Amino acid sequence: MTTAAEPYVLNIGPQHPSTHGVFRLRVVMDGERIQDIDMVVGYLHRSMEKLAEERTYTQNIPFTDRTDYLAAMSNNLGYCLAVERLAGVEVPERAQFLRVIFAELQRLASHSMANGTFINDAGAWQTPLMYMFREREKILDLFEMTCGARLTTNYMRIGGVSFDPPPEFYPAVEALIGELPERIAEYTELLVDNEILIARARGVGVLSAADAINGSITGPMLRASGVPWDLRKADPYCAYEKFDFEIPVGQNGDCYDRFMVRLEEMRQSVRIIRQALDGLPSGSHKTEIPLALRPAPGEAYARVEGPRGELGFYVVSDGGPAPARFHIRAPSLINLSLLRQMAVGASLPDAIVALGSTDIVVGEIDR
Amino acid sequence: MTSIGIAIGFYALAGLAIGSSLLVFLTRNLLHAVIFAILAFIGMAGLFVTLSADFLAVSQIMIYAGAISVLLVFAVMLTPYASRDNGNSLFAPAGVLVGLGFAALIGFIATQVAWPAFTGGDLEAQNFTGTVRTIGSALLGDYALPFELASVLLLAALVGAIALVREDER
Amino acid sequence: MERGLPGVVTASTDEWVEVRPDRVVDAMRWLHDDAEMDAATISNMCGVDRYDHFEVVYHLQSLDLNQQIVVKVRIRNHEAPSMQSAYPVYSGALLQEREVYDLMGIRFEGHPDMRRMFLWEGYPGFPLRKDFLQIADHHPGLPHFPFETGEQER
Amino acid sequence: MRAALDPIRIRVPMSTGGMIASAITLVVLLGAAAGVGFLVLSGALDGRWYDFRDLGVGMAHLTEWLDEQNAGQSEATRALLGDHWMSWITSALIGGIGILSFVGGVLLILIWVERRLIARIQVRRGPNRLGPYGLLQPLADAIKLIQKEVLIPEGADRFLFFLPPILVFIPGLLVWGPVPWAPNMAYLDLNVGVLYLIAISSLATVAIFIAGWSSNNHYALLGAMRTVAMMISYEIPLGMALISVVLLAGSMQLSEIVAWQAQHYAWMAFLIPFSLFTFFFASTAELNRTPNDIAEAESEIVAGFHTEYSGMKFGLFYAVELGNAVAVAAFVTAFFLGGWSLFGLELFIPGYIIFATKVAAGYFVLVWLRGTLPRFRLDQLMAFAWKYLIPITIAHTTLVAAEVTAMGALALPGVIELGVVAAVNLAFTVWVMRRWARFLGYRPETERVMQPKLTTQVGGLQAAERMRASS
C-alpha cells in the first residue's frame, strides 16, 4: 500500500527572497521533491537589443551597464571590444591596463555578491552577505571616485576609458587589495569548513564536465565542473596575456565547488590587480575616435570573461551610425539551460541552493 | 477542601469538555472538529487538575492535545479523495448505535463499579508529594507486566504500520 | 572546411561557413564529433534580420583546441522562417533558441520547448524583426547622426 | 582615506562629562554593593519582608497578612469562599501581572537587542534613529503592525485562519509559569514542572499546523508540514535530555532542580553537557531558529506558516517566537546553568537578577547562532533527529540512570561522585561530538580535496579528464 500525494504547482517568484529579482520558477512538486521546473522570465525585459538599433555606437554603452547591473564594467568592456573589433580601433596600453584593473575590481565585487547571496540562500541570515557587501562597498567607492557612478558605471569608451583615475585612487586601491587577502581568509574561516554549508552544498546541483560543456555553461560554473576554461587565458583580450594568474578548477561540479571557485577567483583577481597596478604604463587613456563612428559593413563578436561567464557581444554593422544588430550573449540566461537537470528530483532547498550557485542577475537574463 | 472554587472549576471544565465534544460531531468541517476535540481534551485535563491528579492532567495535555491531535490532523490531511467535511455517511446509523453502546457501557461502569476512595487520611501529613511517584512505582512495580505488554503491543503496531506503507524496494 | 559532409554547405569564407537550414543537425553533429573541429559547445547564437532573409549565427567553440567556428544559416522565407534546431546536439541551445524564436520569430524544428520566453504567448509580432511596428515613414535603424540634422532623431 | 572607506570603525572618544558621570555611577554602585554586603552578612535581611533578594519572601508575608484578614471575615463568607481566597487571588494577580509585564517588556527590549546584536555581527549599525540608540524602534514597529490591515487570503478558512495567533500565544505565556526566579519566587511551582513544560510546548504544534493549512497557500502549507515534522521529531530528544536532568536532581519541580544545583555547587551543564547540547539544539528546532529554521526558511518558503498573516496577527507570531526564544533561554538557565545560584553570590545579588543575566546570556547565544550559521535541510534534520540524536540520547539517559543508581548504592562523598559523573559524561559528550560531522554524511578521511585546483592551461573535456586523473 502506498499513499500517493497529488503533485502541486508552486510559484517561486516573481517576488521571492531567493530569486534575486523578478524571476519566476513554476515548480511542480510532490511534497518537498521537485518533479518539474520551468522558468518564467521577461518581467524585466527592456528590449535593449532593439533599442540599440536606434542609437549610435557610443550611445549604446549605457545600455550595457543596465543588463548585468552587478558587473557593469565587464559589460562595458565587452561591448567596447566588439565595436573596436568592428571598427578597427586601437586602444592605448594604459587604457588596456586600466580596463583590466576595473574589470577585475568588478569581478571582485560581483563574486562577493554572488558568494554572499549564495550563502544567504543556504540559510545564513545575511551575515556573510553583509561581510561581502563591506568589500563590495569599497570597490564601488573606487568606481565612484573614478567615474562618478557606482553601479551603472558607463566607464569604458570605444577606444579606451572615459577618465584617468584621480590621484587619490591609487592609495585607496592599494589599501583595498592590501586588506582583501585578509578578508578572503576571513570568509574562508567563517564558511569554507562550516559543516552545515558542506552538508547543504556538497553533492547538490552537480553538473558533470561533459554536461556543462554541452549545455554552454560558462564561467565559474564550468570551472567548478572541472573544465579549465577561462577566456582571459584562452582568448586574451586587453592585456591579460601579460599577467600571471591561475584558473581555479573544481572537482565535483557541485554548488560547493562553485562557491570555492569564486572565492579562489577573488584571490586571483587581487593578484591581477596588483600586477596591473605595478605595471601601469603612462600615456593616454583613450584613443580619440570620430564621434560619427560608422564602421564598415560587417560583423564582430567579442567576448570577455565576465563574472558570470562568457559575456559576448555580437555587433553587426550595415555601414550606418547605429548597429544593425546588437546581441548580448548573456551568461546568466544561458547558465540556466541546465537548471532543470540540476533541480528535478532534488528537494526544494537543494534547488534554491543550486539556483543561488548559478548566480543569476535578472537584468541580464531579460535584458 | 471542597471549596466553591473547585466546584465552579469542575462545572466550567465539564461544560467545556461536553460542549466541545458535542461540537466535534455537530460541526461540518473535519478540521474544525479536530480543534474542538483538542478543546475537549484540555477540558478533560482541567478535570484531572480539579482532582489533584497533576501527572494525569499534564500527560493528558501532552499526549492527547499535543500528539494525538496532530495525528488526527494528519489523518484528515492524508485521507485521499475525501472532502474535508463531515458529509453524509453510510455509517451514520451504525455510528449512532456504536456511540450509544459506548455511552451505555461507560455509564454502566461509572454507576456500578464501587470506586475505592483513598482512605489513607491526610495527604500532606503523609508527605505525599504528588502522584508521579505513586504512578511510577505502580507502573514499574505491581503492574510492570501489563505495562510492558502494552508497550510491546504499540511497538508491534508501529512496525506493522511501517511494513504497510513501505514501498517495494525492487 | 566542411568537406566531411557534402551537400550541406552553401557558402563559406575564412571566417564562417553557411549551411542549409534543413541540415543544421547533421552539420552540427559532424562539427561536434569531428576530432579536428571538436565544436564542443555553442558559445553564442543569434538571429539577424537582413530585411529579405534571416541569418542565424552560431558561434561554436572548441575548448580543447581553443578554436572558434562560426556557422551561419540563411533562411529565405521572411514570412514564416523555420529551421532545424541544434538542441539534439547541444543542450545549451535550449534557451538561446527560445530567445531567438521569441524576439525574431524563427521556428526551430525539433526544439522540445518552443514557447515565447520574455514575451507572453500571443504577443503580436516579434520585436527584433526590422518590420516590427512599421510606422508611416519611419524606417528601422538610425539613418544619420543626431547632430547631422540638428534635431533629435525619434 | 581608510577611515572614510570604513565608517564602521570610527570611534568617538568619550567626553569629559561622560567620564565624570561614569566615575560617579561606578562609585555609587560600589557603595550600594558594599551596603548590601554589610546587610547580608549581618543577617539583617534574612526572611524579612524587605528582603528584595527574593520577592517570594515579601509575597509570603503579604499572603500571611491577607490570610489573617481572611480569618477575620464572617463565617458565611469563609464557608462560601474558603479560608485563603484573598491571598490566592492577590498572589495570582500579582504573579500574573508580573509575568505578563516581564514578557511584554522583555519582548520590546529584545527586539531591539536582537537587531542591534545581529547588526553588530554583520558589521552594520542596526536601528539607531528612533529614540536614544534606536530604543523606540520596537515600539514604532508595533504601532505600525497594529495599524496595518489584516488581510484574509481568498479561499482561506476564516475561522481557522483567525484562531492560530491566539492559540500560539497562550502556550507562549503559559510556559513562563514554572520559571524559578529566586528560591521562593515561582508563580506556578508545579511538582510536574518538567512534564508541564513539554506538554505546553507541544500545544503550539497544532496551532501552527492550522495556521499553515488555513492560509490556502503552498508556502504556508509547506512551512506548516515542516514545523510539525520538526516539532514532533525533536520533542523526543528534548524530553530525553530533560529526563537526565530529572534523574540527577530527583525531582520534576523546577525550583527543586535549581535548588539541587545550588546545593551541590554543580550546574547540570557540567554534569551532563550532552543533555545541554541536546536540549539547546532541539529547542532551536522547536523555535524555528537558525540553524534549524527550516519551517520559515526565508530563502525557500518565504515565511513558512505565517506567510499570509499580516498586521498584528503576524506581530503576535513574531512576539511568540521571540518570547519562546527567551523562554528557552530561561529553561536552559533553570535546568542547566544553575538558575538563580551563582556559587554563593546569590546571597548578595538578588536571585532574579542572576537568573535574568543568565537568560540574557542564553539568548545572546541564540542570536549569535542566528547571525552565524546557515540552515540545515529538512531531511538532514529529520535524519539527524531520528537516526542519531534519539538513539544517542536514549543511550545517554541510560548512562545517567546507571550513574544515579551507582551514586545511590555507593554513597560516596558528593564531590567525588559528582566529579566522576561529570568526567564520564564529558568523555561521552566529547566522543559523540568528535563524530558529529559523520552523522551528517561528512567523512573527512574519504572526502576529496576541497580546495579548487589551480592551473594555467586552458582546455575542454580532455583537459578536465587529465586534471581529474592527476589528483
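Things worth noting here:
Read from first to last, the chains carry the letters A, B, C and D; within each, the first residue is number 1.
Operating definition for what follows: a contact is a pair of C-beta atoms (placed from the backbone, for glycine too) under 8 Å apart; a residue touches a chain by one contact, two chains touch by 3 or more.
Keep in mind the model is a prediction, meaning the values are calculated, not measured.
Chains that touch both subunit A and subunit C: D. With B-D and A-D as the two chain pairs, more C-beta contacts join A-D. Distances between chain centres, each the mean of the C-alpha atoms, put B farthest from subunit C. Between subunit A and subunit B, the centres computed from C-alpha atoms are 61 Å apart. Computed centre separation for the pair subunit B/subunit C is 72 angstrom, with centres defined by C-alpha atoms. Each chain gets one centre point, the mean of its Cα atoms, and the points for subunit B and subunit D are 31 Å apart.
Put simply, the C-alpha centre of subunit A and that of subunit D have 43 angstrom between them.
In subunit C, the residues that reach two or more other chains under the touch definition are 40, 63, 66. In subunit D, the residues that touch at least two other chains are 458-461, 463. Across the complex, subunit D is touched by residues 1, 3-5, 29, 31-32, 34-35, 38, 54-55, 58-59, 61-62, 65-67, 69-70, 73-74, 77, 129-130, 132 of subunit B. The touching residues of subunit A, counted against subunit C in their complex, run 41-42, 45, 47, 49-50, 53-56, 211, 213-218, 227, 229, 234-235, 291-292, 299, 301, 303, 310, 312, 314, 316, 318, 320-322, 324-325, 327, 329, 333-334, 336-338, 366.
Taken together, the subunit A residues at the contact with subunit D in this complex read 8-11, 16-18, 32, 119-127, 130-131, 134, 138, 141, 168, 171-172, 175-176, 190, 192, 194-200, 202, 209-210, 213, 223-230, 233-234, 245-252, 256-257, 260-261, 264, 347-350, 352, 356. The touching residues of subunit D, counted against subunit B in their complex, run 80-82, 85, 157, 159-160, 163, 190-192, 195-196, 198-200, 202-203, 205-206, 209-210, 213-214, 228, 232, 235, 252. Interface of subunit C with subunit A (complex): residues 40-44, 46, 48-49, 57, 59, 63, 66, 70, 90-96, 99, 103, 117-120, 127-128, 132, 140-148, 153.
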